[in-house]
């Protein structure tokens, strides 16, 4: 789960990682009178806000008011701006990059830093990037900070500051079950202090049971995805016209891949998961229908989820939602014969192999 | 050769009185697995599928179990794993989904300290036809044979194993690595085992987008594996940055794309199937 | 460093380990009016306070006042009572024992519990003691609590309570660098709650640099021992008449052992440590002289601490403090010849072997 | 045989610009130890006893050091140890006194995970006459020979080694285990090494009151050691509960008393000296 910049900075503040002074507003009425130069930052979960006009500077009351008026409710790269962060303006002397994230191949967290911050870190040459694996059991230790400070060419004072920030950043990474904590840019301010000018914090959604303070919302998800998540499905909206219901993430992915290779365009990713119940199937149809695809493909390999259960669910859903559009079904594995028989009795043809089903549904959808 | 488990491996199920624990312990027994006990705090004395239930793993230790299947809710997985490790078990298979990866990481590194192997979380387990099954793979799809499979996916594994079996071939060992960001086992560890196992003649790897485990596996194969290896990569159609069910399947910065994995495999002489169903053909 | 009961309980309270309500007083004027039955407990660092009359019960204002009057300033087993803990009286249904301590042989912490609490744990049969090693890296995990609860024959409610207490107790053990945290007795109160009726917390003195909240005092030490500690010496007062100055804890111990085997009675243990400076020697004499022994034995094996440095220190101390009593010196190791020469020039005879020196000093002391 | 270190062991000193680091690095070089560098953050480019100083251990890693002597203040020991482990060193000797034992414990278990040996804290190190010295034992007391010594005490070790040398015998390896509650090495680990080392013909153990390491060592000797072993136990005169300098030397509940240790040794056929000076006599 992605946190908004302001929420990430609240955590930073709590862990004594320096951030600019500021406050969040959701309406113009919450704006405080102008006292000194400020930055007004749209709270949307997308990079490149500056270039897209989502960040404005104000040097008097009037420009502050007009910035707020302009930004609140506007769209930044497709995302509606519901909140603004009003922050003291920094006197930027230098911008650095700093983050901790999981390296899945190493199965360890990595500390990443660069003297070239404020830009897309991907475009920074490898020689300008400090990267250090953190032992999962030992955790962060000061020698790592000393190595980092040397790489960054920090003087004694900046080395001291960064080595105060790093253990706290790692603590945030650990305590909040983060996939990523990122400060880009970490600014060397006019007063000589290192300050986190931005924050990007991604929390492992699986850990939310122990982080009740965060609302169960993920602003990166569409309303339909959120509804599906709430109901326990893995569901992603895509932009095609073939609704997909399958079981298992791998098989669902393979289904989408097969559609694509046959020039079909999936409307969604929906993984039924491993529960054997007709309700799960019926509800899955409800979600897919809300996405309004032209046709629907059901691809099941029966194991824990049995084919006859799925067949019954399909029949029930077809009646309940009065589905007229074509449904192409493939059932294989545990109870496949029983499942296909149920469907046949209800006028639905079911394949036992995946490829013919894919070919058929693509044809119905008007592709290939 | 013993590949993690064999016909003598004694297995317990932590969380045996839950829905999953009950069903799959029964299936495992049907498969021939030596399930000797299960745990469920406060339910000692009960029986599930004829298997005695204990309060704690320590209470079963005298029966010398070697492996456990953990099927408790995600918040309790870490404790269950440490309980098994403390009791001296040598294989911890975690069936549970949605285990926070910080927990998985902690479990993995502590398990390694103690010489314990972790399988999962969120994978279908390990099956050795004719010997032992620990996990949730459907019993019916297997036949004893010479093909070893290691997979990051669950259902897709069944699909592929089924296809192999239907083409008249059979499997020596099938390992589901799990689709989580920090799995207990990766392709290279599976390849080491398959390479050393004389019953295994051919190898199938079922990968996914995300991470660079497939690329590293390809490198390992190039250097060390003489047996025939074929592969399938799920997620070719995934748009960058979109989650596809498995947290493991996020494409980040071009690393871990389907293209990069397919290229790595092909350069290592590993044929990559376009469709899961093509795997048996490539094995022939 | 031993904490007083009340200080240990303050930590328990902070970590939400249940303790009786109460407050500490250092004078009768701080006493609050009587409202309900209380226990008045002398704050001294010694066991068996109850049997020695250091704990009194009060069921009205009058008995409370007289208990305070009686206890404050009194002596309990030789220790002066400067503070009292006034606590709500518990309705004791059962007493348990609970502790976490370092097992030095295992090099791991042990969790120890017994259903027979409130007594000296040494006298409880082994079969009544639950003992579990805690992996230093994994730490406490709930399965340990479940094992303990089962051993203690706790019902579901008590199991829940103890399993809430245990992770916190381990957290105290870790966060405060404890050698021991002990609750004896852990009381099952009339209201069904488990409550820590006593606390014994020993903090590793070497860790005090990160626990600045504790005053650098150790109530178990004599004033002279505290002075020595302040000055950086390992110093223990004993009850003999031979002052001892040696270097290295092992050699100092061996010196005391040798004296004892020769029927000599050491007045103290003083380890010079590993610094090579005459001042260290002079100050050591100051401490030993304050203990007023009949004779003084100096036993040095020169390494880092060189024999000539020690010799110069002895000469300087002899002059500075105008020492008339006999000083027996043994110098061996680095610069032993130079050292013995310096002493000889100042009229002090020095041995090169330990045993003759020990024999001589015992003779001077009037022993053997 | 290589007993932890030998003449080829490359050594660094963390905290080389401090008083102790400076003095003892010089002494180690005089003894013949291959000291190849030292660290002191911010002092890179300086030299101490002709040895180059670096900011971080990582900056010396290219010289492939194998062992380190840590001589930094107690609060910084843990970081220094992890720095050395991270850089791939295989022996971490901690000279520093007053390291909190919770830190020592953490260091020890993490070092073991990585296959790293810890010596100390608060011990005099290891000396192998004619080969290598890491630590603070006086150079002059040694002579190459067949007696191995493991000791929980510092000065007392020198006393005993000196006596052995003066009687015309010599030492193969002398290890100071350190007197702290959680030492990196214990008697059994030392005995395993001495037992396997063909240059070692006789063994001396110097114990102390507190803990039950001596008792366990006696048990080990009874079962495994054919070489002659003699011992000395310091602290016979210590009153119960009084601290005697080493935190390790607290008598608790009758366990770990001098009596119990002496009894255990004698039952294992190990003669126990009344005075340190008697050790050479018992060896003959």
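Just so it is clear, A, B, C and D label the chains in written order, and each chain counts residues from 1 on its own.
Everything that follows uses one rule, which is that contacts are C-beta pairs under 8 Å (C-beta built on N, C-alpha and C of every residue); 3 or more make two chains touch, one makes a residue touch a chain.
All figures in this text were calculated on a predicted structure; none of them were measured in a lab.
Student: Could you quickly compare B-C and A-B and let me know which has more C-beta contacts?
Tutor: By number of C-beta pairs in contact, A-B is the larger.
Student: Return the chain whose centre of C-alpha atoms lies at maximal distance from the corresponding centre of subunit D.
Tutor: If we average the C-alpha coordinates per chain, A ends up farthest from subunit D.
Student: With chain centres taken as the means of their Cα atoms, state the distance from subunit B to subunit C in Å.
Tutor: Roughly 53 Å separates the two chain centres.
Student: Could you please state the distance in Å, as a whole number, between where the Cα atoms of subunit C are centred and where those of subunit D are centred?
Tutor: 27
Student: Between subunit A and subunit C, tell me the centre distance in angstrom, where each centre is the average of that chain's C-alpha atoms.
Tutor: Result: the chain centres lie 55 Å from each other.
Student: Using the touch rule from the top of the page, what residues of subunit A touch 2 or more other chains?
Tutor: As it turns out, subunit A has residues touching two or more other chains at 137.
Student: Could you say which residues in subunit B touch two or more other chains, in rising order?
Tutor: In subunit B, the residues touching two or more other chains are 109-110, 113.
Student: Which residues of subunit A touch subunit D in their complex?
Tutor: Its residues touching subunit D are 135, 137-138, 141-144, 146-147, 150, 156.
Student: Quick check: in the complex, which residue numbers of subunit B touch subunit C?
Tutor: It comes out as residues 41-42, 55-58, 76, 78-80, 82-83, 85-86, 110, 113.
Student: Give the list of subunit C residues in touch with subunit D in this complex.
Tutor: 102, 104-105, 107-108, 122, 136-137, 174, 177, 179, 204-207, 209-210, 234, 236, 238, 246-254, 256-261, 266, 269, 271, 274, 301-304, 332-334, 353-355
Student: Considering only the defined contacts, which subunit D positions touch subunit C in the complex?
Tutor: It is residues 23, 74-75, 97-103, 105-106, 108-110, 136-138, 140-141, 151-159, 162, 179, 181-182, 186, 206, 208-213, 216, 232, 234-239, 242-249, 253, 274-277 of subunit D that touch subunit C.
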